[in-house]
Amino acid sequence: MLKFVLLSTLSVGGLGLLFGGLLAYAAKKLAVAVDERVHDVEKTLAGLNCGICGYAGCSTYAKAIVEEKAAVNLCAPGGKNTVEKIKQVLNLTGDHSRESVVARVRCQGDNKTVNKLIDYKGIVSCSAVSQVGGDKACSYGCMGYGDCENACLFDAIHIQENGLPLVDEAKCTGCGLCVKACPRNIIEMAPQSAYFFIRCVSKDFGPVVSRVCKKGCIGCNICAKVNNFEGIKMEDNLPVVDYASFKGDGTGAEKCPTKVIEFVESKFLARK
Amino acid sequence: MLKTSISPHIHSPQNIEYAMRNVLIAMVPALLASVYFFGVRALWLEIISILTAILAETLMQLLLRKPVTVSDGSAAITGLLVAFNMPPNIPFYVPVVATALGIIVVKQLFGGLGHNIFNPALVGRVFVMFAWLPEMTTWNVPLHPDWIRHFNLFHINLDSITSATPLAVNKLQGMSALVSQFGSKTQLYLQSFLGNTGGCIGETSELAILIGAFYLFSRKVIWPTVPFVYIITVAVLTALMGQDPLFHILSGGLFLGAFFMATDYVTTPMTLSGSLVYAVGLGLLTVILRLKSGLPEGVSFSILLMNGLTPLIDKLIRVRTYGKQSKRGRDHE
Amino acid sequence: MKHIKIRTRTFLQGGIHPPENKSVTYEHSIENLPLPKKAIIPLSQHLGKPALPVVKKGDTVSEGQLIGKKDGNYSSHVHSSITGKVTDIGPYYTASNVKSNCIVIQLEGEIKRMNADKPDWSNLSREQILQRISEAGVVGMGGAAFPTDVKLNVPSDKKVDFFIVNGAECEPYLTCDYRLMMEKPEEIVEGIQIIKKLLNVKKVFFGVELNKRPALEHIAEHLREKDNIELIALKVKYPQGGEKQLIKAILNKEVPSGGLPFDVGAVVSNVATINAVRDAVLFQKPVIERVVTVTGRIVKNPGNYKIRIGTPLSDVIADTGLTEEPAKIILGGPMMGPSVVSLDTPVTKGTSGILFLSEKEEKRVRYNAYRSCIHCAKCLMVCPVSLNPCMLSLQGEFETYDQMTRYDIMDCIECGCCNYVCPSFRPIVQFIKLGKSFLKKKG
Amino acid sequence: MEHYLLIIISAALINNFVLSQFLGLCPFIGVSKKMDSAMGMGMALIFVLTLSSIIVYLLDTYLLVRLHLEFLRTTTFILVIAALVQLVEMIIQKVSPGLYHALGIYLPLITTNCAVLGVALLNVSEMNNLLESAMNGFGAGLGFVIALLIMSGIRERMEFSRIPESFKGAPIAFIVAGILSLIFLCFKGFAV
Amino acid sequence: MSRWNELTKGIIKENPIFFIMLGLCPTLAVSTKVIYGIGMGIAATFVLIGSNIFISLIRNFIPDKIRIPCYIVVIATFVTIVDYILNAYVQPLHKALGIYIPLIVVNCIILGRAEAYAGQNTVLNSILDAIGMGIGFTLAITLIALIREILGSGTITLQMLGYGWVWEVPVKPMTIMVLPPGALLTIGILMGIINHFKQKEK
């Protein structure tokens, strides 16, 4: 009996020793340099090499996370803990070094304000509709097909019933994906502290604008005059606000004949 | 208000409904033949399958909150094809299960028309074949044509003699047994061609299927490449294996499969060269399965297996773009 | 057809046969449309950079006066098409359906007649000819509107062996080129001589589709043996008028992907362009008008009209009349022409036709209710450049644009054949255009 | 010769390891999303299966059976396989980076792939000899590659399908596997 | 986190088969009869508990680098024990489960729990976790077996070694359901339905 136990211990131990030694030797001899971060990420994964993530083993997945920005929640055996750990390793929890920006929609031409000009047939997306010149009377304004909503990864921008997108400032991370998605460049990234927004992008002349939209900028340039052109200037029939240098108060907004300007008083006071 | 869209602003009148309607029309001769040879029961099988298909599609589309598109006729085709692939004396629940499975799992769960990878009717058929093997392999000889005189729409019992299909006889007892059964070789060919043999209700009459197929060719709904290459491959290979090629192409479900299932738009390769590979593969598999496997018939399985290979064929076999040097394009960038 | 040998050719891969509908205007000879009261002249009527305006608001301009100067090499001059006063310079809808800068001229004052003497061009140098073409602002009039002086100014390291005259006019409905060939064969042949000299080519092919057999015979009568112009009868097939398809049909050569026709030693020009080149070289006449087919079942007086550049569609409608409200207005042919959004859209140098579709005709296209791709592969069969439109449309639908390069999306000529045959009414061309613009944005 | 051919066909088609024995199902569902990775994984698996079949056979015959330590089979087999795979991975990574990227990166997946241990155990229970074991391993790998390639092709196409939201991913993959397995039933009763 | 939570999370919320998709091979292979499913579940649960206890005991002594091989050896030992116990006492079950018993070694559930849980938690928590996961696994496999057996054989078998019962269910049995395709289709459709309810909850 003792011999039997001894034999089995010896064989398992011997095999273990043999392969352990071999592997240790190989690990030293055949080492290949790996990115430190990949290594760190790999340590947080479950290490089963089960392949459920769709990548060829844990190290490949770790590499994909670091290099190709693969989703971090694919490790099923690791579960939620792993996701948190990966985020820590990669420092994805947020970068607060510079002032954060939020998306701003610069159009007030909702479905009631701006009429449909034509009956469009085809793919339903802003970029597709803009290929045929858009279907609304204003050729600069929002068409409301929601490319921005689709582009947003954080569920922060939604098309409302009136056909205009609304940004949920709490959720917006300022990544700028919606800005890229909008074919008419209606969304801009404004600093969180900004308080004076021109909500129109139409470069048309005043009469053309007022014919199609009652809430559009007619390029009267009153807002700029009120502020003595400090931090605000006119370009292509449109006032352009430089958020960093603009110091004016809400007079410009009050005086605007078509109420294009949004003035956020709380932010203005906070800034003061 | 002016309408606008991206060019082109005109469109060919051939749409999905056109294609499906024509396929249904093309299946009518085979349907008539099935009723002629296997009686009212065949008709009921077909009606029940089609109704199940339509019902299953509607329910599934409602459940998945998609627009209901049964009116395009694709569900009806699936139902009819399932019925065509049933033995005449099958219990009615079998085609119901087969059709429902085909429509619900193989078609709608994959995303509906156009997204299915496999032919729904064939998966349904193969599924019930392994589910109820005894029922699915009991065949009846065709009825005596006299039955039409005692026509009764509700006479659904099929009281004719059971017999093995010609392919099974050939596999188990050899060609000579078949020839003696039919009298002469010419009789064997002729009866096989007309459909006066045992088998699934829709597959026996090659004549009826050919009529439908030529209708489809004339309407430009399908192209003759795949079916003919398939059939020729089977003939050549069976001849090479020392079998009777004419018998092999005229028996079993080869014609039904070649003209109505191997030409399905959704589950077959897109390029011409791809469909040639597909057709030759079909022939090869059919012959291998008929002669080497435990089953007497292999058309359904070969079509399904090639359905599975279709995405690979589509990916690997490409056509050279105008003005490009190599065929592969920039696939491996 | 006398001594001229005519060979019938076509390209093999793909192509479709849409209903031609040319009979609407087939027999209507070219007529002049009255001058517009107001001309909206876009500064960008051509491929390349928009022209720079050289007049100000309030200026008085005369017919044929330069109002937009070309900006760099890949650009073209723009001339006033009427005599009058500049009332506005600003964004207006143009044929491409985006607002771009236009010069608006209000009709005013007298019109000077041009002299009709026929000068001799044979002693003009190559540079002089090119200069005149450039100054007249000639662009390709088949639709693409590529500046002609750039096209004909072949780089010295490329050898051009053939000049191909494009009289295919494969788009349904259009007959303006056909009428031009019927009514101005001599002018076209003379234009060909000019270009032949310019390019220094030995051989000229003149391709005409067989549905314009009268034009073919008419031209043949005006050809002389020594002209060395070979007439080619082309089997009717859309899109034979496309440069690449025409070269394939006539020369059986393929323009390399991303290349230009002179990479296979050929230059292709449309008959209308050739006519404009002749006018420019002989009379130094700028492009201020062109022949446009105004057609459609709902047009009261359909026909081929000589229309001033910048004439708004509303003026055209006022002159030709409509029997019912149009559902869709298309500039160019129905296969490739854009549909317009505004009746103020002006006729430009590239406008070969104005097609009015009725509600009933428009309804046959159901892009708003397109369905899943059923992989029927009809699009693969009709694609003249052997693409896989099925995969491209799927990738467009699922927005995996970056995979589209694998399927050679950039080689698509947007002819619309795939879209025409698609049984699911998928807007394949739109998917491809979206993909292209996405990929271009990405760089 | 025919005997060995039959072993390969049996392991590859008739008793396909994934589709009729469910061995190696996790990576089959996981790695079949892209055809390139499917190919790499498959090739690596063929290699490892053949190699491990041989090594395990030697280990079993010359160590365990000699010493009457059959009860240690499970333990030693898995140990040897794990070590073997890791060694092979390291060697490939050093010797040929190109091969490593094509095949090597899939090796870790194979350690915990039940197909490898399954083939080893089946070889022992069926008392195959050395060549038979190797052929069985090779056939099993081949069958896995066939199934994986078909599956990856189908899944690449399903990227462009309107699959109901709740069936996306693993559920529809299982259904496809089920249909494939249904089709592979036709090879039952195959005779060469 | 309460102890109760540790125990119950594996049953539904983190069910290893339906939600984390681990340990599928045996689930599908042996679920032809309900009793086999239960047997497999119990065997796996036993190994899970044993290895979790052992690993959480020695977790501080194993070097990080070779932890996985160590875990495997531990698990393999327990699997061998189960194998031999079944062979000795419940031979029909041992025969039915066949090579899927030794294959518990590479069952990702066990290794997964060892790595993700037992290697970092106390013995008590590890036991609770193992029991929960084991029950979840057993329930899932039994559910699949139930469906397959009812549809495929028309019976519900809860009988082993002559003890227990076999119920007949009045359906026309579909042989295909006890064949491999039946298993794959069943789990695919089940997973889809469960996903549907999971998404609805959100």
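Think of it as A, B, C, D and E in the order they're written, each chain with its own count starting at 1.
Definition applied: a residue touches a chain if its C-beta (ideal position, glycine included) is under 8 Å from a C-beta of that chain, and two chains touch if they have at least 3 such contacts.
No experiment lies behind these values; they were computed from the predicted model shown.
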| item | value |
| --- | --- |
| Intersection of the contact lists for subunit A and subunit B | C, D, E |
| Joint neighbours of subunit D and subunit A, given as chain labels | B, C, E |
| Chain-chain pair with the highest tally of contacting C-beta pairs | B-C |
| Remotest chain, subunit E as reference, centres from CA atoms | C |
| Reference subunit A; chain at largest CA-centroid distance | B |
| Cα-centroid distance, subunit D relative to subunit E, in whole angstrom | 22 |
| CA centroid of subunit B to CA centroid of subunit C, Å | 49 |
| Distance from subunit E to subunit A - Cα centre to Cα centre, in angstrom | 42 |
| Centre-of-Cα separation between subunit D and subunit B, whole angstrom | 34 |
| Contacts with two or more other chains, residues of subunit D listed in rising order | 26, 29, 71-72, 75, 79, 83, 112, 160, 162, 164, 167, 172, 175, 179, 182, 185 |
| For subunit A, residues that touch 2 or more chains besides their own | 12, 16, 20, 48, 50, 52, 117-118, 120-122, 128, 131-133, 135 |
| Junction residues of subunit E, two or more chains touched | 21-22, 68-69, 73, 108, 111, 176, 179, 181, 185, 189, 192 |
| Which chain pairs touch, all of them | A-B, A-C, A-D, A-E, B-C, B-D, B-E, C-D, D-E |
| Interface residues, subunit A side, partner subunit C - complex | 117-118, 120-123, 125, 127-128, 131-135, 139, 203-205 |
| Contact set on subunit B toward subunit C in their complex | 2-16, 18-19, 69, 111-115, 265-271, 318-325, 329-331, 333 |
| Of all residues in subunit A, those that touch subunit E in their complex | 12, 16, 20, 46-48, 50, 52, 76-79, 81-82 |
| Contact set on subunit D toward subunit C in their complex | 159-160, 162 |
| Touching residues (chain side subunit A, partner subunit D) in the complex | 4, 7-8, 11-12, 15-16, 19-20, 22-23, 26-27, 29-30, 32, 48-60 |
